[in-house]
Amino acid sequence: MSLGIDWVTEWIRESARVIADHRVELITLDREIGDGDHGENLDRGFSAVIQKLGDLPEGALPGDALKLVATTLISTVGGASGPLVGTAYLKAAGAVGKAEQLDGAAVVALLTAARDGVVLRGKAEVGDKTMIDAWTPAVDAAAAALADGADEAGILAAAADAAEQGAKATEPLVARKGRASYLGERAIGHRDPGSQSSALILRAASDAAAG
Amino acid sequence: MSLGIDWVTEWIRESARVIADHRVELITLDREIGDGDHGENLDRGFSAVIQKLGDLPEGALPGDALKLVATTLISTVGGASGPLVGTAYLKAAGAVGKAEQLDGAAVVALLTAARDGVVLRGKAEVGDKTMIDAWTPAVDAAAAALADGADEAGILAAAADAAEQGAKATEPLVARKGRASYLGERAIGHRDPGSQSSALILRAASDAAAG
Amino acid sequence: MKKLINDPKNVVDEAARGIEAAHGDLVDVFYDPIYIVRKGAPVQGKVALVSGGGSGHEPLHGGFVGFGMLDAAVPGPVFTSPTPDPIVAATKAVDGGAGVLHIVKNYTGDVLNFETAADLASADDIEVRSVIINDDVAVKDSLYTAGRRGVAGTVLVEKIAGASAERLDDLETVTRIAQKVNDQTRSMGVALTPCVVPHAGEPSFTLADDEIEIGIGIHGEPGRERIKLEPADAIVDRLLGPILEDLPFASGDKVLLFVNGMGGTPQIELYIVFRRAAEVLKEKGVEVTRSLVGNFVTSLEMQGASITVLKLDDELTELWDAPVQTAALRWGR
Amino acid sequence: MKKLINDPKNVVDEAARGIEAAHGDLVDVFYDPIYIVRKGAPVQGKVALVSGGGSGHEPLHGGFVGFGMLDAAVPGPVFTSPTPDPIVAATKAVDGGAGVLHIVKNYTGDVLNFETAADLASADDIEVRSVIINDDVAVKDSLYTAGRRGVAGTVLVEKIAGASAERLDDLETVTRIAQKVNDQTRSMGVALTPCVVPHAGEPSFTLADDEIEIGIGIHGEPGRERIKLEPADAIVDRLLGPILEDLPFASGDKVLLFVNGMGGTPQIELYIVFRRAAEVLKEKGVEVTRSLVGNFVTSLEMQGASITVLKLDDELTELWDAPVQTAALRWGR
């Protein structure tokens, strides 16, 4: 029961929905330790993605959809998160290549490539209080679930759970990348908005596989 | 028991004291229907007058002291009230001339000249919601008291009472002169700051004569 | 009250010292009494322009002293007309023998103090004329009030009359031109928030979180009406309506459109206002041939803006375009 | 939130239309994507300067497009870096064959988006160099952060590098000069009040009635410390201390002193700040030979100011003095 284009497009639609629903929450998180635009940025981007989704030709592959998300986010989000999240989808598209169906190993490869894309552009490490703090635990949990014999839905659920925990775990941290790094100690006690949005997007991936 | 230079200097000192004491109240009145500087303006002026009062030579006449107040207010108060109140003292000085002692008629002449000075510069009539609404009733009451045979202290007390009532009576008015005129109906319910300060100054004159 | 000041009593003096430190190439600053004169003044044979009024409207007037504009500016205390003394001193300092024009905003205090100063300067054989600026159409029924107020249009008068003086027009001509600019200029403003006079320490008026004041004066004097917040375009329409009706401006007119910030308004908003104002003028067939956008006649930190429209002709356009070199307005040199 | 806007989503577009209406003599404005280019661009054989970043800092950058300064400005959404698309479009629109310099403020978003844009433009055979502006000394321990931020010093880089390009210096020279200005510039700011991003609708941070934020960033990012309100002179000393130590500036140095308003500060306060800063520099034997005061790099309606000091030499002074003709900075023509 591998995942195909329907899963990818549902993932995208579900991402757009949850980002819109959590727009204000993400803005608030970013206002506390950043500049208050993260929810607006991603909502603008995913709204544009939804607009473009209709352009996908009949028989489009998962990689085509992921690339569409990438280029649309890069050209509409701006800020730090635009290039970072955009690159994540771009590298994810590269990882799935021309595959029509993604098995568990392909899903893990997709997530790993996405995370690596963010690191390539942003050079953040775990503990820097960035979206990487959601992505890296998610990738690790996905790989572990694959090793434990979980199916695609199980892998994505493990990733989403770990991402949520990772986002929560940014709260006590001092930031070393992005705008929040200017706050020093004062960032302590606030959740990183990018880690939170990443957790939402990964939960959307899981929900799309389960639903 | 006519009034001499001691009364004039005590009037000046008492005026400076009450203006300082009511500085915030006058600012507040002016903030409501003007630009919030009336108390500051007069306080600056009367503080300067007090500074200069020591320069008065031994044997100075009432007219000399009034002229000193006039020129000092004109050159330190600014705004609308500076030239208006300054001119009041200038004309008052002219009215008392070289007199050493002022009897009841001279006091009434002094107040009348002062009021006429304000009208000369500001062209306000009673009911325009300006300091004239304190001055004109005060002058009228002073003249009536003189006619009734009151002494100088009685004349000044009548003037002060009438000025206070006049100031209060500005509350229901629409202003036709000064900054408050821009408010139209919205000036209704607020006391004119200049009428209030005039009442304070006239009460100071009375207190100085009584004390 | 949060302000970048030391003692409220020293605000004007310390700002003058800042102006001297920053613009010592353009102006000389005198203290006690305080006034600011153009470097090298008096210019012999040139009509001198003197303006002034309460402080808190910066860059008006000190920022407009220099080549092609004012010869002297006399700042009073915040929102309070200066007394005659510094006006007389400034008038004498810049008189170059061709007479002095006083540019006075129409407020009782300014008018009375400049009047006295003009009398005193005349007594010293300086020929002084005055032009009273009253461009604010927000004041209705001006027969029953102190009359229309002088607001942002003052800058346009100072620039254009300054250019006239700079080309050595005589006092009569400079006065005529200043009067003409005033007569062809109409303004109206809006406040979103009040301002705080330093010595008062509290807002000059209060507005609810969803209220704005249409027709505000530059000292926070209330205006025509207090209404609920509206979109910028609707507000612009409310300001522009009375302006256009008043002159009236007509299809085919060429105008200078000036959107002025009250001090606390983000510049991005001034451009949104300019956009709508230009759009409306275009619809009415009025052609915007010159423009000015920015904080020129402010009310401390007040948020809001005013719109000013000046009907241009060749004479005024040429003088507007002439070189000017001041701290706040500069081109052509 | 009270603002002179229509729909928060249209703020940048509508302001761009206002800029076009007001400054059509200086710039051309393109929409979808939005960017602003110098009238008559590209100038063949001239290095082109492109800058940009989030909106809300006006007049930065659109107000600095014109002769002797920027060839193009790319405004992103409020406080959000533009995406690569408009940067690429602007870069192509102004390339006159001598290469393009990107002037980028050091924020993760700006750096990443300009980086991508530069890659894409290079792929189209346009030679692109970048200078990253990071003049803000408020950020300590920049090894453990995203690095120092680009703040008000950006204007000085744009002006001076713009003059270098205008005299037809080659890309390498223009880049060197831009880098040199950045390297010799230090800034630090203070906020008295927060700003409100239109789409957020609420203040970017909160400060108690008696609190100020020392070391504020231009997007309302917190700074070094939050302290009780102090007199202006004490605040100036807090800002100037880290600036002077950092380069370090030394007795005998000639500098440009720039006091920048954050958007909501009365200009009279900026001069009070300038006065004290000039005083302190004088005490230290540092000579202020050039100055700039005003709202140039703002944070919407934030109240506060920043101080910038640039160490001058003959090369930089000559380029600073060279003619410039933009909406917000103009002299010499």
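The first chain written gets the first letter, and so on, giving A, B, C and D; residue counts start at 1 in each chain.
Please note the rule applied: contacts are C-beta pairs under 8 Å (C-beta built on N, C-alpha and C of every residue); 3 or more make two chains touch, one makes a residue touch a chain.
Treat the numbers as computed from the prediction; the structure is a model and nothing was measured.
Student: Hop across touching chains from chain B and tell me the fewest hops that reach chain C.
Tutor: 1
Student: Would you identify the chain whose Cα-based centre sits farthest away from the centre of chain D?
Tutor: Result for max centroid distance from chain D is chain B.
Student: Distance from the CA centroid of chain A to that of chain B, rounded to the nearest Å?
Tutor: Taking the mean C-alpha position of each chain, the two centres sit 75 Å apart.
Student: If you average the CA atoms of chain B and of chain D, how many Å lie between those two points?
Tutor: So the centroids are 55 Å from each other.
Student: Taking each chain's centre as the mean position of its Cα atoms, how many Å separate chain A from chain D?
Tutor: 32
Student: Among the residues of chain D, which are close enough to touch at least two other chains?
Tutor: Correct list: 78.
Student: Which residues of chain B are in contact with two or more other chains?
Tutor: Answer for chain B, listing residues that touch two or more other chains: there are none.
Student: Which of the residues in chain B come into contact with chain C in the complex?
Tutor: Spelled out, the residues of chain B in touch with chain C are 27, 31-32, 34-37, 40-41, 44, 74-84, 121-122, 175-179, 181-184, 186.
Student: Which of the residues in chain C end up touching chain B in this complex?
Tutor: Spelled out, the residues of chain C in touch with chain B are 54, 76-85, 107-109, 112-113, 115-116, 138-141, 144-146, 149, 197, 199-200, 202, 204-205, 217, 219-223.
Student: Within the complex, which stretch of chain C touches chain D?
Tutor: Residue positions touching the partner: 2-7, 11-12, 14-19, 21-23, 55-56, 58-59, 63, 78, 190, 192-193, 195, 209-210, 212, 229, 231-233, 235, 257, 259, 263-275, 278-279, 288, 291-295, 298, 300-301, 303-305, 325, 327-328, 330-333.
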